[in-house]
Structures are given as structure tokens and as C-alpha cells.
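Below are two complexes that have chain A in common, paired first with chain B and then with chain C.
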Partner chain A sequence: MIPAAFEYARAASIDEAAKLLDKYGEDAKVLAGGHSLIPLMRLRLAQPSALVDINGIKGLDYIKVEGSKVHVGALTRHVEIQNSDAIKDKLPILAEVAGEVGDNQVRNMGTIGGVVAHADAAGDYPTIALILDADIVTNKRSIPAKDFFKDLFTTPLAANEIVTEVVFPVADGPHKYIKFRRRLFDWAIVGAAAQKMNGGWRIGLTNVGPTPVRAKAVEEALHKGAKPEEASQHASDGLNPSGDLRASPEYKKHLARVLTRRAIEQSA
Partner chain B sequence: MAVTTMIGAKIHRREDPRLVSGEGRYVDDFTRPGTIFLSVVRSPYAHARIKSMDVTQATKAPGVVAVYTHKDFAKVLSGTMPVTPSFVAEKKQNPPRFPIADKEVVYQGEPVAVVLAETKYQASDAGNMIDVDYEQLPAVMDLEKALEENSPKVHSGASDNVGWDLTYIPDDAAVMKEADVVVKQRILQQRLAPTSMETRGVLAEYSKPDGTLTVWMSSQSPHFVRLFLAGAMGIPETRIRVISPDVGGGFGAKISPYSEDWLVPAAAKLTGRPVKWIESRTESLQTTTHGRGQIFDVEAGVKKDGTLVFMKVTQYLDAGAYLGTFSAFQSCACLLAGGAYNWKHVSSRTVGVLTNRVPTDPYRGAGRPEATHLCERMIDLLADGIKMDPAALRRKNFISEFPHQNHFGLTFDSGNYEKALAMALEMVGYEKLRHEQEEGRKKGRYLGIGLSSWIEICGFGPSAGTAPATGGIALVESAQVRVFPTGSVAVYVGTHSHGQGHDTTFPQIVADTLGVPYDMIEMRHGDTAEGPAFGYGTYGSRSLAVGGMAVHKASKKVVDKARKLAAHVFEAAEEDVVFDQGHFYVKGSPDKRKAFGEIAFAAYGAGLPEGMEQGLEAVAYFDPPNFVWPFGTHVAVVEVDTETGDVDLKRYIAVDDCGNIINPMIVDGQVHGGVAQGIAQALYEEVVYDDESGQLKTGSLVDYLVPTANEFPEFELGRTITPSPTNELGVKGIGEAGTIASSVAVINAVCDALRPLGIKHVDMPASPDRVWKMIHNARNASHDGHDGKEARK
Partner chain C sequence: MKHKVATTINGHRHEHEVEPRLLLVHYIRDVVGLTGTHIGCDTSQCGACTILVDGKAIKSCTMFAVQSEGKSLTTIEGMAQDGKLHPLQQAFWDEHGLQCGYCTPGFIMAAAYLLSQNPNPTDDEIRQGLEGNLCRCTGYVNIVKSVRSAAATMGGAQAKPAAKSVAGRS
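Moving on, here comes the complex of A and B:
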């Protein structure tokens, strides 16, 4: 539980962070809230040569509503998203999700930029970003969520690329995120998101594969007038989840169907 | 006699302000000048031969002081890790265990080398540079497979994997025939990791000039550590001092000695530098002894009218790669299988089986949760078999006359089982709940009510019973009470408090016995350089019933001397001297009284009675005449979401009887923690190894699911008081009760909820995927028209 040796540098600006990443090379990592990276380092599952700490960069934690978009700065902590009136008003599903991430310590430290960059299969925001067609903005470009979550822990981010914000569309219709887990602070065994938007449903699933999943078949069935009970049967179409200590693949598929139905039914 | 004021008082734990504000002092808080850090290199395999080991690179790494392997330790350590008889005097196989592997490793995590370096980081980095060439050998991870004849052997060259096989009482075929209904059930007790908040840790300093060894260790029984170290290192006990300062939980896993407990002091001797090792959480989950890990095959019979007839139990215990120091203690499950009931016959057999896993050893309750679980599960199955209410079946068969001798010759000291059951049923609103359950079922709601009428043997223990079990040392308890000239009192005890609140309860006893203010009493434990020659430690819910009695006894010796002195001062006959609330006076003249402190001062002065020595202090050892036998009834109420298999624990009622109470708040706290640990077993925790590779899969707290306060309902506690006749204080134990009672209360509730689906038994942990699978299978079976017809209503 002792990490391997590494260099450490604290950046004051995004430019400086990018330069430091260039200096340290491929094996360097950005350090945000540290709540995914540091546990991995302690288990020596990650052994970065250097950490570039971005916590000193001013103006990276913000929540701004501009027209039909909600901009969330990369360093915005879960707790800020959970408690933001702007989010509760314009993007309430994100506040709901933030309140369900980990425990107080995790929510006080973890950042939205860290969650998307880390791209853990059980991360909760990625599912929301995907179904709402959010954009992940970096110091170099803007990447649509559907092109961002490529594989387990895999994104198109270059080694010296830094996530600066996530841009969501306003979505204030009926919604529900159901996270099925054992303990209050646990990651989702399976999560299901439902959001009514522009007259249609957006349905997403967490932790049923290497990346978040948008359940298009469910959305289409609902669009054609199917009842939640019938439509949700399609939630497991095409899924091939891997099993783990908490759930077999079969059980995860079952949960995907049940939780999808409940999320639609409980949307408010 | 002093009027009781402190005994029974609900006062806050006086150790808490220190502990909850981060001022506790644990092993890792101690340091010595020049300390170096030890890192253990462990086998990644469950079973392998060490072909060769190259330590050259590690030896040259920055900060490294030394790298030691088996051959180095063989120079300073002798003998093997101790294995006690416990409840199985004769073992069939007891593989000798040296604290570090030589040629063969038999479980993942077994030490193969240690690195000592100036910092813990350097030690850890250098540990990764040791190149061990292993030849993997076939491992046997599964208890049942281990018993098959052609199974791989845990230790190469062994002829089988049987550690012990003992029948306590054979079956009685004639009695078995008397039953109208017989049920058979296999009941699993998964392996659990004790997971104390503070992991293990050792700091050792060896002083070459005077040959003394000082060891700081997170231990439940520092005197036993000293005894074992004296043997292993060949240093007399008088030159070894073991200090167990604040200890952040033990749960039984810090009783037996571990490899590191010997390797760290040995490394201190070899290097001449103080050496510290603190176990990481992953090491803890991997190498601290596990608990439970048993399979029970049980058969029980009942008459149609509800009279219990027989119980037959076979216990298969996964001992792991070596027998633990007290692994056979857990065989007591066989001796207590009959629980709180009268049976015509109980037969039992225990089989200890070696596997390539870390050894098992006592874990909170140790054998008694298993006994309660199997007995209370069978009672419910029998009730179901004869369509009788489970509470009624219990009531009908409770043991009601005390003392009661069970089939195995154990004598239950006192009890009133029916009263505790009645209180628990009333608290939960049993009749109303059964009605709600009925109504709910019609609407597809699956409520379940689970009972557990538990009993326990604890307070180890009488010398006659325990000396043979440990191999010689009787588990009595010692205390020393010292009164200083100004009347301040210091109490030294041989028990060790690591969550039990002795700093509060023991002074409560002394305050009443001596009549001095509670705040003037200083409690000391955990340092073998202080107090009586030997202390026996804390485990088996023994501290109050044995240690508290030693404290009481030593205090009374002090009062006896003080009374003699007071009589001398008053120039009165001893029998005319009254001692009341801290004051002595002569019968009839209470106004001319002398405070205890004044007499204490006089005890250090001149003019004592003829033959009396100066000073006011006493040592006492207490050897109880019997064990003590707490009991109670717990009730769990659950609702199962049959769509997801999720079990929602809605209510938890615990009525416990631990005899007289010293501090009700501490009793409640012990029950809370104990119940939480039992629920954890019922619903959450399980050690999982990969059967193929032998790798531990639950190597972090992400995967080993220790529940938190969030996962529990508010516990509703009740209490009956049936004093113990075994000791003068009338007390029993309460440290393990909650754990002993609770796993089966929850599982009985889950089974009760699922009964309409045709499900009779659920194993632990009743995790959502397991429960869902069972429901899924039961429903499929009923679709095929086999079983569980009710489910389709």
C-alpha cells in the first residue's frame, strides 16, 4: 500500500500544466481530486513517473448556465454539483448523480474532470454525459461524449491533454438515476438513467460493459409507445457485461432491465 | 459494605475523549531513535516450491540495511509456531510452521524474505527487487476437494489433508427413529476477515548490552506474546517487555502469535536497530487469520407435537495451510449445537481440514455463532416441517431448570430463556407483524421475521477446563490494586482493553469496593512490565467475569488490611469496624469516622499493628468455578425485493441477558458492534479466493464488503437480568453476544420471507445476486410444475 516513487509538480495554469506534462513525458499523470489515481498508485496498479497537480489552477471550478448549455469546470467537486442551485434547476439529474457518488470524503475531493478522464466503467457522470450528448472540452479541442468513452479506462485524451470543462445541454424534464449497490458509498453494480428531453426519452446504463451504454433500443420502443415494462426488456439487448464478485453477467443484464423500468417509472 | 453507587451507573467511557479526538496511541505512533522499517516479501502463490532466491539487487538498493531469509532467522529463532489442543486434544496432522518459509510456500502471503531499510518506502521498493524462482505446485483451495483421496496435498509429501477428526458423541439410531419429522440441511459458514480498524503492527528494540527486548505490538494478550517470544528467542521472560498500547480492535485475530511477531524482534536482534513493521490493509486481508470457514451437515428430528428429539452435526472446518494456535477452539460449535433446548440426543463430530489458504483462528464468537446459526436454522426448519410457529417451538423446548448439564458435560449456570423471548416478541409486535406479513404476501410484498434464541459459553475459564486446552496455562485472571499514601489508587490488570471499555468499568468496580472517588482510580493494562507476573488477555468475553472479579478480589484484600489498620487506629475490635462509602468508623459512632485516604496514609507511617507491614496493596488471581452462560433472543425483520434479490433489513431487536450490569451504556455499545458484525456476515462479508489460481480476490475493502452504520437500521435493545451464580458480581460476558446471535436472526428472516416461493434455506452472505438466483431458480422450477406452487398466486 505504498506507492512507487514519483516526481511531483504543482501547476498554476493550464499552459504550465501542459508544459509540465510535456517535460515529464508519457508516464506523467494529471492529479485532480486524487480519489481514483492515488488508490491505484497505492496498490501499485498505476506507477506514474510524475504527478502534475492541477488543484492550484484558478478558475477551473465553475458552474455556468449560458443559453441552452450548462458548463461545468473540470475541477468542480462532486459536492458543488450536488448543491448547486443552477444544476438543480437546469440539469437536476446531474445533482442527483453527484449526491450518489461515494461518501462525503469522495464528494469533497473528487472532480467531474477526473471522473470523465478516468473513464471507469462504474463512473456515474459518463452515463449522463453520453445520453445527453455532452461535450468534453480540453485545452486542445472539444470531443462529443459518444466519441470520448472508447473502452475501459480509455479515452482519446493525449498524454499532455487536460480536460477543462464538460458542457451539457439544459435538461430539466422528468428524470431519475437509480444506482444499485451494496453499501451507501459503493460504486454502482448497475446504474440506470432516464431523462425526458425534447419530447423523447434518453436512457443510459452504468457498469454493464467497459463503457457507459446508451440504451437506444429502449428509447425507440418508448418512442413507438411501448409501456416502460415492455420497453425496458430491451435494456439488455446487445450487452455483454463481465461478471465480478458482486454480480454475474446474467444478473447484471437482469438488473439493467429492472432498473431501467424503475428509472422510467420513477422519473419526476 | 459500601452502598453501590458506581456499579450499574450509565457513565460515559472515559477513554473516549482521547480516542475519538485522535489522541490514542497505537503501535505506529511509537518510535525509537534509529528505527528502521521492515517489509515482508510474500508468496504470490498458494502452493509452490522455492527453487532459488536472488536478493543481490535488493541488498544494494538505496537505504537497505539488510535482507533476511529463512536461513538468517533460523539462527535466532527456534521451535515452531504454537498449536494448542483447544477442543481437540489429538491432531492427526499438525504441520510444523516456522515464521518464514524455507523451501515450500503453502498459502498466498506466506513470508519468504524480509527487507530492512531506513524508510518504509525504501523497504517496500527493495522488496520488489527480490527475485524468487518459484515452481508452482498444485493447490487445493476447497475444503471438500481437500478431503478427496486423490486431491493435491497442502504440504508436499503428506498422506492426506486431515488435521483432525474427532467424534464427541456418536449417533444413537434408536433415538433417531423416535422422530416423526426429520430435516437435513447443509449450512455454510463462509470465511470472514476480522478487519480491525487498526491493522497488526510490531515495533521491537533489542538492547545488546543488557540483553533485553522491548516489543510494542497490537495484541489482545501481551503476556502470552512475552511467553511465546521467550521460547522462540531464548530470552528469559524477565528480559522481555511487551507493550500493547491502544489497540484499534482485535476481534480474536490478535490473540495468536503471527510470523511477523517473531520476525520483527528477531530482525531487531540481528541488526541491532529498532525495527518497525505495520501491516497494510491488503496484507491484513491476506495474512491475518480468517474466521469461520466451515461446512455443517446437520440432521434433526422432532415429534409431531413439537418435542425435539435429536440433532446430529458434522463440522468440516477449513483450517487453512497450518493449524492456527487456537483453530480447534472453533470445534466448540459441536459442543453447543443443541443451543437453548432440551434434546433427547445430540451427536457431533468435527473434522479439521487443511487447504492452501491462510489459517483460520477464532473470530468474534469463534464456534458459538456457528452453533447458534445451525441450531436456530434447524429449529426453524423443524417448525416448518410440523407447521408450528417457530416461537412456539422454541418456547416448548427451552431448557428451564438450572444449573443444566448438556450432553457434552457442560453446565449452564443460570438462565431464563422464555422471559427474553417474550420480551423480544413483545418489542417487535410479533402477532401484528405476522398479520402484516400475511397481508403483504397477498400484494406481492415479501416480509420475513427471523428469531434467534441464543446461548453462549464464555468467561474462560475455570483452570480445570482451560489448562488442558492451552497445553498448560490455566486461563484465570490477575489484578493488582495499589493504594498510594494520598489515597490515589492504581489498578493493574492482565486483561487488555481494545474497545471493551475497561478503563471505565473496572474503576467502577473498584470505586464501589474501596469507596474512593472514581476519578482517583488509575487503570493500567497492556504492559508486561507492570502489575502481576502474568495476565491472560481479552477474548472469549472473559474480561469482566474473570478479570473484573480479580479486580474485585484484590480490592477486597486491600479493604481487609485497611480495616485491620482502622481497628488499630480506633483501638477497637476489627469486627466492630464499619466500612461504608469510603469511611471507617466504630459501630455506633459514625461521627468519629476516618476516610479511606486517611487510613491509606497511616499505612505508610509508623505505629502499625504488631506484625503488619507498611503499604496498602494487593495482588489477586481469580479462578472461576465455571464458565458463564449469557443468553437472549434477537428478532430481525426484513423485506426482500424479489425482483432484485435485495434484502432490506427493516428492524432489529436484541434482548440480551448478561447477568448483572456494571455499565449499561457499555453493554449497549458491545451489543451494537456485535450485532453489526453478525449482520455483516449474514448479508455482506465473504473472503473469496480464486479456486484455480489460489489468489485472494477480496484483497481490498472495495471487494471485501464491510458494512458501515449507513447499512443498519436503528437497533432496538432490551434486557433481562439473571445474575450468574458463578461469580460474586453476578456478571456474565457481552462482548461476543451480538455476533453470536445475529447472523441467524437475519437469515431466518430471509428464509421466512422467501418461504412462499418454496425456498427453505439461504446461505451467507445473502447477497442480492445469490438471493435473486435462488428466486429465479425457484420460479423456474414452479413454471416446470415441480415445486413452490404457492409462488404463482
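Moving on, here comes the complex of A and C:
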């Protein structure tokens, strides 16, 4: 399958990338790891007029711990997050999640900036960004994760806006991310995240709606002393997932409850 | 507009003018003429098109040829040295790691990457490491066996892709 024709330009800096995006106009897109964009282009579900390749921008792939924050540059590949000692030490749930994204080949190319900008409902990092109150930083501003994932494939990013980094708080307490899928490398049918932080629990769900979900009702129940099996019954409160080839809405809600319980119980 | 792409493939320099939309796998097969890299799904799922770019396994159907500018690529044709099969190729042969062979180049390149990262993987680690590759006829038991056997032959040494040899037009 051959993508529709497009113009191609390499940017050497964020500024240059923004200028190129301005020049090519609304239908231009950033090319990062290409592992969401190229599959869509091959199916011609995406037909950008131009691609601005940001892979050559130096200093956009980094993992820095500064005080109580972990800064992850937009071009940081999944494999680097998975193997980073700093992440394993200060934000181990992110290393765990990165290791569960796709397969080796996907992890060698795909970037954290690409996952958040793409805002696929089944993207794994957005759930973590949401429950940890991470910030998505662009060349123009900083946007809290709770205001970033607006709808399916929908974010507040302007056409010439480039994600430069994602800033997480340090979170080194017990945690677990459980992804339910039929093949090892697949996207989540449903995913559940549990992270203990500042004495309380943060619980999140992947692919149970158009955006990642923070399961506040579960968090509150745990806070009031409910056991994981009781608290996790609230994981499907208010959910209205759409069914697809892999799972009906009912089944997704069932998975939300079961996986939430397992994520809490298996947190270490 | 066409763009220049200059790469080193299996130790040989190649330079062409290509359309940006040309996928790397089509470039390797149709322009360079190295047809050992296969297209199994064209949806980024099967891994048949796996090659090494600067030593890292990637799916060449999910990268544009223009993105390989300045990079060093290794395809299945770059594995054998001076007419002698690479230990992974030999092991797939000896352990019956293939039937039709369609998926094999991708498996071998993904396995070469795996062994470069982890020279002595457990069976579980081999299965994890090859999760991005699908085989529709052999089943995975003999493939895992082949990789285990190659790891032993290579004595934990890194899978070193070829620096020379290999046919291919430039």
C-alpha cells in the first residue's frame, strides 16, 4: 500500500520545524517515530500535504531528573524509556509501560511525544500522564495532562505546535500496569494502572473510552479503606466504552474491574 | 519533489533520488534490488520486513526511504560472510526453524538484534524478543530452538552484521 504523495523536509531545530509547519500550512504534519502516522498514511486514512521530520533535531531525546520532576524529551524512544536507569529508579511505572508498547521494532522507533500528540484511545503513556498529573510541554506552552486528552485523536495542539517534552512527578512507590491483549505486541483491549503516591492511590484506565480515564471512584474507595476487590468494582462507574472487534462494551467494563483489582493487588 | 538518499547497505554505498512517499522496504527491494527483505502484512504487524538500521531492528515497511539518509543498513543478504552462513542462518537450517521461509529473513534480523542486546537469552526472553514477528507455518517452537542454538554457537559473541559482500545494484 502506497501513501499519497507529500512534500518532505527535515528540521534541524524546533524553530525550524515550526517555520516549516507554517510554510506548509494546516495539512502538514510532524514526523517523529512514524509508527502511528505511517500505518495511517499507507491506508490513506491520513494524507498530509507535507511531513516535517523532527528526527534530526538534536537534544530532543533525553531523560532528566530535576528535583521532584522527571523530564522526558519528546523524541525519546520507547526502548530508551524502558531501559533507562533514571526512569526505573524515579518513575518505574513508565519503564514498565514502555516495555509493553508494541514490540522491539516498534520500541526502537516510536517516541513518547508521538504517543501523546497522537492521542490514540489505546495509547499507554497518556493514562500514566493523566493519573500522575504530568504536563505536556510544547514550543508555546505547558498543558496539564487532564486538559490535553480532549477526545479521540484530539488535543489542544495547534497545527504549528510541537510537543517538546513530558514532565512527570517523581513516583517511586508501589505500582503496576496491566495490559490485556490477545497478542503480545498488541495495543491494549483494556489497560489498568495503579500507582501509590503521597500515601494515596492513583488509578487509571486505557481504552475504555475516547480518552484515558482516571478512576477517581476507585481511588476514593481505597482511601476510605475498601479492599482492592471492593474498590475495583467502581472501576466501571460512569464508563461508556464503545465495542469493537475485540471486545464488547460489557466485556471492556468487566476487564476494567478485573484489571484494576489485579493492578492494585500486584503493585510492588 | 525527489530527495537524495545516500545509505550504506551491507557495507556498500547506495545513492538514489527518491520520492518521499517511497517506503524503505520498497526502496530496498525495488530500487536497490535486494529482495530478501519481505513484505508480509504491510500493516506494521508481521515483522517480515525487519532489517537493522544502525544496528537496531526496525520494520522497513514503517519507515520512508528518505529517513534512512546517512544511515547504515543491514539486510538478510548482509548476514552470510564469504559464502558461509551466519550462525543464525545455519541454526534455522539445522533446527528446522522454517517451512516456507517467508517470515525467516525478518525473524533472523530480529533475532540478530535480540542477541546483540542479550547474547544469552532464556526461552522466555527469546519469545519476548521476537514478539514483533509472525510465522504462519512453522510455529514458534523450532524458531526459539534455532535462536537458542545460534546463541550457543556464537558463544555469547555479538551478532556482527556483514561489512562487505552481497549483490545489489547501486
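Quick note on the criterion: the second predicted complex is superposed on the first by the 268 of 268 C-alpha atoms of A that agree within 3 Å, B and C clash if a C-alpha of one lies under 4 Å from a C-alpha of the other, contacts with A are read in each partner's own complex, and residues count from 1 in each chain.
In this section, contacts are C-beta pairs under 8 Å (C-beta built on N, C-alpha and C of every residue); 3 or more make two chains touch, one makes a residue touch a chain.
Quick caveat, the model's predicted, so the values are computed rather than measured.
In the superposition on chain A, the chain among chain B and chain C reaching more residues of chain A is C.
Contacts of A:Arg182 after superposition on the shared chain: chain B is touched, whereas chain C is not. In the superposition on chain A, contact is made by A:Val258 with chain B only, not with chain C. Once the two complexes are overlaid on the shared chain, A:Ile38 sits against chain C while remaining clear of chain B. Of the two partner chains, chain C is the only one that A:Asn55 touches; chain B does not reach it.
By the touch criterion defined above, A:Arg246 reaches chain B but does not reach chain C.
By the touch criterion stated above, A:Val106 is placed in contact with chain C alone, chain B being left untouched. In the superposition on chain A, contact of A:Glu7 is made with chain C only, not with chain B.
Note: residues 1-2, 4-5, 43, 183-185 of chain A belong to the chain B contact set and to the chain C contact set alike, using the contact criterion stated above. Every residue of chain A that touches chain C in the complex is listed here, in rising order: 1-8, 31, 34-35, 38-39, 41-43, 51, 53, 55, 79, 102-106, 108-109, 183-185. By the touch criterion given at the top, residues 120-121, 124-125, 280-282, 643-644, 646, 684, 688, 697-698, 700, 702-703, 705, 707-708, 710-711, 767-769, 772-773, 776 of chain B touch chain A in their complex. Of all residues in chain C, those touching chain A in their complex are 1, 3, 19-21, 23, 26, 42-45, 47, 50, 56-59, 61-64, 66-67, 110, 113-114, 127-129, 131-133. Across the complex, chain B is touched by residues 1-2, 4-5, 43, 180, 182-187, 189, 245-248, 251, 254-255, 258 of chain A.
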